[in-house]
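What follows is a set of structures for review.
Here come two complexes built around chain A, the first alongside chain B, the second alongside chain C.
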Partner chain A sequence: MKDNTRAKAFFAIPYISWLAVFVIVPIALLVYQSLTNAQGNLTLANFHEFITSDVYLPMAFNSVFYALIITAITFVISFPAAYVLSRLKHRQLWLMLIILPTWINVLLKTYAFLGLLSKSGLINQLFATLGFGTHNLLFNHVSFIFVAVYLELPFMLLPIYNSINEIDPDILKASRDLGAKPVNTLTQLVFPLSINGIKSGIQAVFIPSLSLFMLTTLIGGNKVMTLGSAIELHFIVTQNWHMGSTIAIVLIFAMAVTMYFTRERGKRK
Partner chain B sequence: MDKKVLPVIEFKNVGLSFDNNEILKNVSFEIEAGQFYTLLGPSGSGKSTILNLISGQLSADAGEILFDGKVINNIPAESRRVNTVFQNYALFPNMTVFDNVAFGPKLKKMPKDKIKAKVREMLALVKLEAFENRAIQELSGGQKQRVAIARALANEPDVLLLDEPLSALDYKLRKQMQSELRAIQKRLGITFIFVTHDQEEALAMSDWIFIMNDGKIQQNGTPVDIYDEPINHFVADFIGESNIVNGVMKQDYLVSFVNKDFENLDAGMKPNEPVEVVLRPEDLDLVPVEQGKLIVTIADQSFRGDFYEITAIDDDQNEWKVQATNPSTVGARVGLDFGPEDIHVMRFNESEDDFDARIESYEGE
Partner chain C sequence: MLLVMILLYIPIIFLVVYSFNGGTIMSGWGGFSFVHYQELFADTRLLKILLDTFILAISSATIAAFIGTVGALFLDSLQNKKTLNTFLSLNNVLLVSPDVTIGVSFLILFTILGFSLGFVSVLISHIAFSIPIVLLMVLPRLREMDNTLVMAARDLGAKRGTILSQIVIPEIWPSIMAGFLLALTYSLDDFAVTFFVTGNGFSTLSVEIYSRARQGVSLEINALSALMFAVSLLLVFAYYLYTTYTDKKARLTK
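And now, the complex of A and B:
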């Protein structure tokens, strides 16, 4: 019995060390930075500034707003797609095609979009040939959302697909047998029975979307300012680590709140 | 059964294949309203396929399926007046017992108080009145089965389809559900079509049995008819215990097997036609050697509760199963006795129609 616990403790060492070095210590550092000023004195001034300045709160709303839009669009595409996918004959192949792009580096994919959407890119060439003229497709809100949705779609689709796939096919047969049209089956059975997959998908898309920063610069042309890009700005450009850490703490808090609301609940009583 | 009544369901030359695999081969039959039917056969015989064709979950490649005299091949499942009790219950785990049973009535936009009354009535029918607000996960297998029955009946179907609904229950519960299902059918007066691979269950519950094998109906009739007059080797072997030996029908009412001639009650075959002979184990009596029609040696004996199952070997090394009320001694030489009425003769490859015609030809005399 005692040996068993010792063995368990032994095998936990790598994980706990990892956790300590890469999660606990950095968060502790962030907390410390956010609670101090340039002179190294303890203060709540950073949080005060976050709340009172007319920069950070709108930026926070902006982040949440864009993350919501990105999450909503990926969900609207993923849920029906996952449902259809779960009924296809060669679903493993189709699934593969969706998973495949996630193996390619995000930066590479982003640059690919820069090429596609640029003034001389493929899409503008096509527009020109068709007589629509060339347009500024990059560096605006729409292109930012479009590329973000593209990058995050698989992370919404896969958990939803998995949970739909786990529904006993006889349940869907029984629903039809009892007189349900496909839309009834979808709203009354498929949706509630895949709710845990939907929650996981929302977590996997909404939380990273809160802190998007690279896309805001490369595709959004800094027209979209999110908490993520603000953190980047403070750490790299203005070198104000204290404010940067404060924003990061706010972001971590927002993530924790999201996690709480999308947590998996036990079987309903 | 009176054949003048319009059948509620009729199959006309229905066929179905999956990937060049013929699941149903040119099947035709009629189902009359208000009876308890059973489709009986081993797995893969096509019995569940027939159920799925009636419910509309599958559609036929060939032939016509009629409901109340109208072709329903193209009517979608959700619009058919049949409901199904599924083998694994297929209850909706995100809903309470009440909501499961109310699922069909709600879709029909019944008024709320009527839905409530309907659900209560159905739960009372399956003796689950107190379970309205239970979650599905809290129910035992037998209770889930009852909810599945109540849910299917709440839609007031003309025909209830039951796809091996009792196979997951233990022996005692199964026996109890058999008689309850029979009682429910009698009380509601609607048609039940029950699928099972358990011949005992089929014999106990049905008004009429269809025996399926290899995508075809082998024989149909009342349980007694099928048990007493199996049409071929498959049916004789599948229904009850049987001793089946090869023989020759020397002339009408005289059959020869194990090198002896016996009087029997079958006729209408060609002289000296090769046949198969069926003797049921419960029709064989163990008697002293000098009184026996056959002389056998007891090879094995096992106690089965209400009888002894005895295996005996005759001098030609044929094995005979005998059900006896009294024990015997392994190794003892005894006689086997049976009457002319206990001998049942089957022709090779005789169709059901030919069988019926032949019986009529000599029983009419």
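And now, the complex of A and C:
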């Protein structure tokens, strides 16, 4: 089968045309749009505006800052949880229970928080009975971060769990027998040995956090602007596709930087 | 750990519980009632969108499974490692790209081609972003495959088509199915890409919930999510049964 060129072409054509039309051309179009103005002339004005205007750059930093917070919180929750999970008896069942919520439509889960956090919602009722009074929980920075953490949590937890699970239990036993405190075992053994899982977790949480845009409208009440919501704004509302494409290029650039810093280094064992 | 579990399930349980609320908002309790389920089944627009969403998911996953498998067969036949790696990195572009950028770049593509936005543009987009995941599921299986059987068949005079349909496809079938299922969940869960490439006439569940949620809470959506949750539970259960069954069969035949 391998030497027949006609058979090879039969397999190659659909796949290569897909690569050309839906991978290479869209990126090229995005770059082209970002480098042109409304008259269709080639220009760097969009990027110049991005850097010099007092709107875009602070917005981008803000978005990165939020994504960092979201990533940090999911990590702080996920790392101990993944460690505990790896020592539980019915691991498969627990794992299934963590994966199951990811099967529910993201929009439905987001929608649930509209009810949970609303003025007369469950959380506020709880606050009221505890004597804290009711608060405006929706449409602010905190609710945005909270719901984002909720949505991204499984994507941090699962890769970390997978890499912790691969650690040879004998190593952990040895460290205990040699008198290491549990904290030291965790920070000096489990953490470095699961670093690849942590890196993929960071990738899986940080990049989507930069581009979340339905959360900023539904939960953040437009008080939070991410790169994603800025793109949506330019494409749907103001119809300035050139600036929107410029922001999209910046987002791709941010993604590439993240991938670079979280790549797997060497194959140390 | 337990706290994480509770946190993960509170919103879902909350949605399900309130779907039985006799009142109209997600607070207070107007007594147990099925009224929102009745509303749901009377809402033909929402039911049509639900049906469209499933048709879209099944057809895009099927086509993506086909093209992805064909692509994997092609990549498997490549001898040059450098070419293979180039193809693999191009393959992964859509997997790692933020969905917003995929959405807008497809929107530009369709607009420039003069393609009208609607079911077909959404279908094409879903196929496009599902192909790489199918390929990544199928390719490792092809590489692991024992080639002696293929060689033996060739020596015995089997035609290429016969080898493919009798040996290769049955061997990689489980990974094609896994790719299909993943593509299915990608399609069902997608919001951002669909949001950009859909026109006025066509809507999927995610986009519909987004526009309804912007207008406020309606317990009909709760009833819908309760049903969706039940369906996913069933699917997980079916998948669990399927894997334990195939495991058992594999062990018996070995």
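Just so it is clear, the second predicted complex is superposed on the first by the 245 of 269 C-alpha atoms of A that agree within 3 Å, B and C clash if a C-alpha of one lies under 4 Å from a C-alpha of the other, contacts with A are read in each partner's own complex, and residues count from 1 in each chain.
In the analysis below, contacts are C-beta pairs under 8 Å (C-beta built on N, C-alpha and C of every residue); 3 or more make two chains touch, one makes a residue touch a chain.
Worth saying up front: this structure is predicted, and the values here are computed from it rather than measured.
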Since both structures carry chain A, what do chain B and chain C do when superposed there: clash or fit? fit
Quick one: chain B or chain C, who's touching more of chain A? C
If you stack the two complexes on chain A, which partner ends up touching A:189: first (chain B), second (chain C), both, or neither? first
Considering only C-alpha centres, what angle arises at chain A between the directions to chain B and chain C, nearest 10 degrees? 90
Quick check on the superposed pair: does A:168 touch chain B, chain C, both, or neither? Answer first, second, both or neither. first
For A:58, using the defined touch cut-off, is the partner it touches chain B, chain C, both, or neither? Pick first, second, both or neither. neither
Quick one: classify A:177 as touching chain B (first), chain C (second), both or neither. first
Figure out whether A:114 sits in contact with chain B (first) or chain C (second), or with both, or with neither. second
In whole Å, what is the nearest CA distance you get between chain B and chain C after the fit? 24
Please name which positions on chain B make contact with chain A in the complex. 55, 57, 77-79, 83-84, 86-88, 90-94, 103-104, 107-108, 135, 137, 151-152, 155
Chain A contacts chain B in the complex at 168, 170-171, 173-181, 184, 188-189, 192-193, 267-269
Interface with chain A, chain C side, in the complex: residues 1, 4-5, 7-12, 14-15, 18, 25-28, 67, 70-71, 73-75, 77, 79, 87, 90-91, 93-94, 96-102, 104-109, 112, 128, 131, 135, 150, 154, 160, 163-164, 185, 188-189, 191-192, 195-196, 205-206, 209-210, 213-214, 217, 221-222, 224-225, 228-229, 232-233, 235-236, 240
Write out the stretch or stretches of chain A touching chain C in their complex. 1-2, 4, 7-8, 11-12, 14-16, 18-19, 21-27, 29-30, 33, 77, 81, 84-85, 88, 94, 96-98, 100-101, 103-116, 118, 120-122, 125, 150, 153-154, 157, 203, 207-208, 210-211, 213-214, 217-218, 227-228, 231-232, 235-236, 241, 244-245, 248, 251-252, 255, 259
